[in-house]
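In what comes next, subunit A is part of two complexes: it sits with subunit B in the first one and with subunit C in the second one.
And then the complex of A and B:
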């Protein structure tokens, strides 16, 4: 039944993707300036720009351009970058693992920080631990990512010299990718030095990305935990003489997690496409930077391909989160399957 | 054990042996040069590079051109693939003698046919190169060691065109064998071979052991993509990269960063004058309005404190400009230093009154690019002009929007500039001031002026360098009189390098560096 639901959700996502295709094609062309102008720079004459525009086929009617593009996409071809002249499928395939790896690391780190924090806070709401955690959470939500990133780089990287300032791996550790995930590749190669290098590079950007999620999620989970603590089954457990700690861990956490799942899902999806600042500051070769560069260069095919892939990932993550929620809470299955 | 290793051991998944084996490895071995670049190069072979800076530098290290700018002063050409060249008395044909026995990285021999093939291919597939080579009528190869270029009109600086990275010689057999893939794994004759490229991460070149001028000292060149300027600075300070160039506006470090790096003993800041020129230009096509009045333009020129801008605001990262040619140009006339309008706010106010504008009565719009550098300069000029009683409204926009506004002539003042790739006055003059080209690009939009046009074209094609120098001196004086712009400064080409690097010479015209002789202590 879950498989059926999954397929149904997937099918209903297709019109969304088609709409995204049309929208992004139009939006890319609404931005002032075109790739020919941007490529040639301030010194170029109008004739040179016209020649390049012709070469890039931008002088054809929009309808013709769109039909050609849509046909390409239907054949699974994302096109070729106007800047690098390389197939975009290759560029995206090279960047997706970096982005996914960072997003997973950040989410794991965020959960590892937020769940204990929420439990501690819910154990004694209004206590000094709760208040201290609230202050930290507010700081975590409100500090802009670039500020945290710069501070961490300057202190831990440049000044104390404990961690690398940026990049995904040291130049000496650069090897042809197996899966493209630096951590997984290091494990597959059985090279603990590569693993250490990959993790050392992963830590700071993951921490920056995790701070917002950890902060917001810990507050949400705390509230959810306290709400569940009021419910009848918890009162029954308490009547049986279980300690508050045991009740929290065994009878509350699972239930309290369900309503917070969509937040994790949305944040995770956001990280996959939107970790632009973090990726830029840490020179992390991910999807976010590809998108920014593409927009900056007016690289239409790249803007289109990145947006499409991002939309597809976002849809997929939403479906997966729904599946996890169903698995955690069987009561939802009836409504979800209906 | 240093601090980095100590932390490595603290990471939960690492054993002690990992610290020794992994994080303790040298950051870059002594024969690898790590160069930070702000973004991926666009086009690393002559056929696909449209004058993009990073790709051009890669090309100069993988390929060779027939002739090259001398690495010392960069004011004359030196032999490279060609050992000698001469021009016919009418200036219409250039004859280049090739050095014998040079081989491409794929082992094939470089001969006249290869040179002809490579250049004709470039003209056919590279629109930028095509536009620069319009004077070329045909290429002849009388024998395997000689190439002749026949031109439609004399171009005294023709060898400079052949020194462009886009004129580098590709291996014909590799182009034929690899087809479209040639652009991704190019084959030349240069001191380094293409090794690998990981998109948006790094580009690696390896030394060519059979290089005709001798093997490079370095084994590897690694171009590492580092997008954020602050990150580049910190990585340079942490010793994670060896070299970082100040390329382009977006990539540029702020003046404060430059000063901080200058104070760091582990780093060297290498500077060279360039052909770049930045100016506050008037919309010279306007036939009415305040700036159509010469006295208003003169007033604005006297209101601008160009020395203060270069020294205090730009912190010495630029050279002051005194006219339409930067001081580093071979045709720069030293008399311009006295001819250029001096900073004199009282005189500016006086001229404005003569033109009929009381203080505070004149308002002008100033358009320019986005970015901290441009903001700094624009606000400085705004303050200068306010002192003279002129109100300036600044509008900053992204390049495509700016280009549209500029070429359509919808502005009074524009903060703009030109970054020519070779040291010849014509690179500034023809495209900048020919009234026939006024609306074809971001030019000075000169009004129709047959005498001035004749002077520009005459100076462009005069046969001897001395004759050209004299004509350009006249031209500089003529232009200074017309005040088509207030000339501000010429950015220095700046490189930030580890103090361990030896023999690093930063190229300024074009702003590209060859790493053939660079060593690491």
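And then the complex of A and C:
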């Protein structure tokens, strides 16, 4: 049932996916100058340039070029880095787990902060706790990720020396990756010390990303909780003499989460953008760091490939979140699926 | 008027005043290099100290502030112009054009906002105006969607159907009814976007894709001072906190505006 829904949703996203590919393809055409000349550098002869232009199909019409590009991408070929001359698919696959691990840790941390905060605020709307949390949340979404990152790094890392401020592992903990996820690898090896090391490295960058997500999500969930509190089934529960706390936890939270899910999807995209800044500050060897390095090296194929992968993650997560909403609320299946 | 609107307006007024009166408040020019005064700690002569080139941090802060406010407004105005035109035309014309424009909007919204801005800015080449264009193109789809929804609502209103039946030309319809009808909602959206715009342009500046030295811009100034973060933290802290306060001012006002709109129903 859910698999069918997933496939149907994916199919309906196809025109948009194709356009995303067109846009990423167009990125390389916005760049001033000829891609073949850029690739070869200033010392190339005109014959070399002409040969590469032919090889890159630059002498063909744009539609042919795009079809070739789309075919490559669909076969999993993301092009070759101008800097390392190695396939970008390998480079991206090596960096992807670091970014996914960071994003998952940040999401878990954000939910752990936001759900209790929203419940506290909804327990007494308009009370001082609600107001205080509101101000904290507005401040939270106004903080530039790179400022939070540098401040945490300076205070908790460099000054108090509590936590590591760069990379994913200490030098002693460096081992060949099994899955590429530091936390999972540590568990697979059954080494508590490795796990502790990985989590310590993960905490600060995840906190930076979580602060933004937690701030916006807590306000959203609070509003949704208060709306659900007006519904008849909650009034019935109250009439049965249940306490406000029990009603919030058992009869409201699940219903209130459903309408907030699409917005979590959008905010996940903001978090991916924030990951680029956070990874830069924490030297986190992920996709964001790769993007920034590619920009400094003027490695346009790498920028293109990373942009495509970021968009793919964002689209997949959005669809996944829709699936979670359908699972939480069966009523949506009839309206959306038919 | 809610507390957050008042707090935001007050903060914004202080920042705008500092930006406007800046040249009279600070004595040193923002790009006067002085080797003897490199990385001086805050003092009576330099209230916020000096940076790695001996430039007065406060004066760069004030100069960057004027730029930041103008850049934020400029980006949102650009996003507004592009997005609203696309959205209203899609809503007015309908059919295949509407379908194509809205799929393009969906595709642009399929990129994480900052990722799109970074990719575009990298492709255009690093400069402040390119960064502004990149951020505006990322924000425009939101305006387009909203404008289209408004246009469809307006298009079904009786007085507009009557005007169309009476043979009012499309250009006239667009300006007289569609734009005017959609304006209140769109202006609220514009106010909500100001904080995001400033944050994203600053992020591009921080990554080296925005304003180029020696231009005083908060994001770029912050990343330029990272090398001396330990010896002279004030050089990075000042522009960082300034970005936060400017975005906070706009977000406080936006929060108040949304609350007012929601309570109106």
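Throughout what follows, the second predicted complex is superposed on the first by the 285 of 338 C-alpha atoms of A that agree within 3 Å, B and C clash if a C-alpha of one lies under 4 Å from a C-alpha of the other, contacts with A are read in each partner's own complex, and residues count from 1 in each chain.
Convention: contacts are C-beta pairs under 8 Å (C-beta built on N, C-alpha and C of every residue); 3 or more make two chains touch, one makes a residue touch a chain.
Computed from a predicted model, the values in this text were never measured in an experiment.
Participant: Determine, under the contact definition given at the top, whether A:181 touches first (subunit B), second (subunit C), both, or neither.
Facilitator: Neither partner.
Participant: Please indicate which partner A:143 is in contact with in the superposed arrangement: first for subunit B, second for subunit C, both, or neither.
Facilitator: second
Participant: If we overlay the two complexes on their shared chain A, which of subunit B and subunit C does A:314 touch? Say first, second, both or neither.
Facilitator: Once the two structures are laid over each other on A, A:314 reaches subunit C alone.
Participant: A:303 contacts which: subunit B (first), subunit C (second), both, neither?
Facilitator: A:303: touches subunit C, not subunit B.
Participant: After superposition on the shared chain, which partner residues are touched by A:69: those of subunit B (first), subunit C (second), both, or neither?
Facilitator: neither
Participant: Taking the superposition on A as described, I'd like to know which of subunit B and subunit C A:295 touches: first, second, both or neither.
Facilitator: The answer is second: A:295 touches subunit C but not subunit B.
Participant: Going by the contact rule stated at the top, is it subunit B or subunit C that touches a larger number of residues on subunit A?
Facilitator: With both complexes superposed on chain A, more residues of subunit A are touched by B.
Participant: Which partner chains sit in contact with A:272 here, subunit B, subunit C, both or neither? Use first/second/both/neither.
Facilitator: After superposition on chain A, A:272 lies in contact with subunit C alone.
Participant: Would you sort A:154 into first (subunit B), second (subunit C), both or neither based on which partner it touches?
Facilitator: In the superposed model, A:154 contacts both subunit B and subunit C.
Participant: For A:212 in the superposed arrangement: first (subunit B), second (subunit C), both or neither?
Facilitator: After superposition on chain A, A:212 lies in contact with neither partner.
Participant: Using the superposition described at the top, list the residues of subunit A that contact subunit B and also contact subunit C.
Facilitator: Comparing the two interfaces on subunit A, one with subunit B and one with subunit C, the shared residues are 31-32, 150, 154, 158, 280.
Participant: Residue numbers of subunit A touching subunit B in their complex, please.
Facilitator: 31-34, 37-48, 51-52, 55, 83-86, 90-91, 94-95, 150, 153-154, 157-158, 160-168, 170-172, 174, 191-197, 199-200, 280-283, 285, 289-290, 293, 298
Participant: Can you list the subunit B residues touching subunit A in their complex?
Facilitator: Interface residues on subunit B, with respect to subunit A: 2-4, 6-8, 11, 13-15, 17-19, 21-23, 25-29, 32, 34, 39-40, 42-43, 48, 50-52, 127-128, 130-131, 183-184, 198-202, 204, 222, 224-228, 230-231, 234-235, 237-238, 240, 398-401, 403-404, 407, 416-420, 431, 437, 439-442.
Participant: For the complex, give me every residue of subunit C touching subunit A.
Facilitator: Those residues of subunit C that touch subunit A are 4, 103-104, 106-108, 110-120, 122-125, 195, 199, 202-203, 206-209, 219, 222-223, 226, 229-230, 233, 236, 240-241, 243-244, 247-248, 251-252, 255.
Participant: So in the complex, the part of subunit A that touches subunit C is made up of which residues?
Facilitator: Result: residues 15-17, 19-20, 22-24, 27-28, 30-32, 134-135, 138-139, 141-147, 150-151, 154, 158, 269-274, 276-277, 280, 291-292, 295-296, 300, 303-304, 307, 310-311, 314-315 of subunit A touch subunit C.
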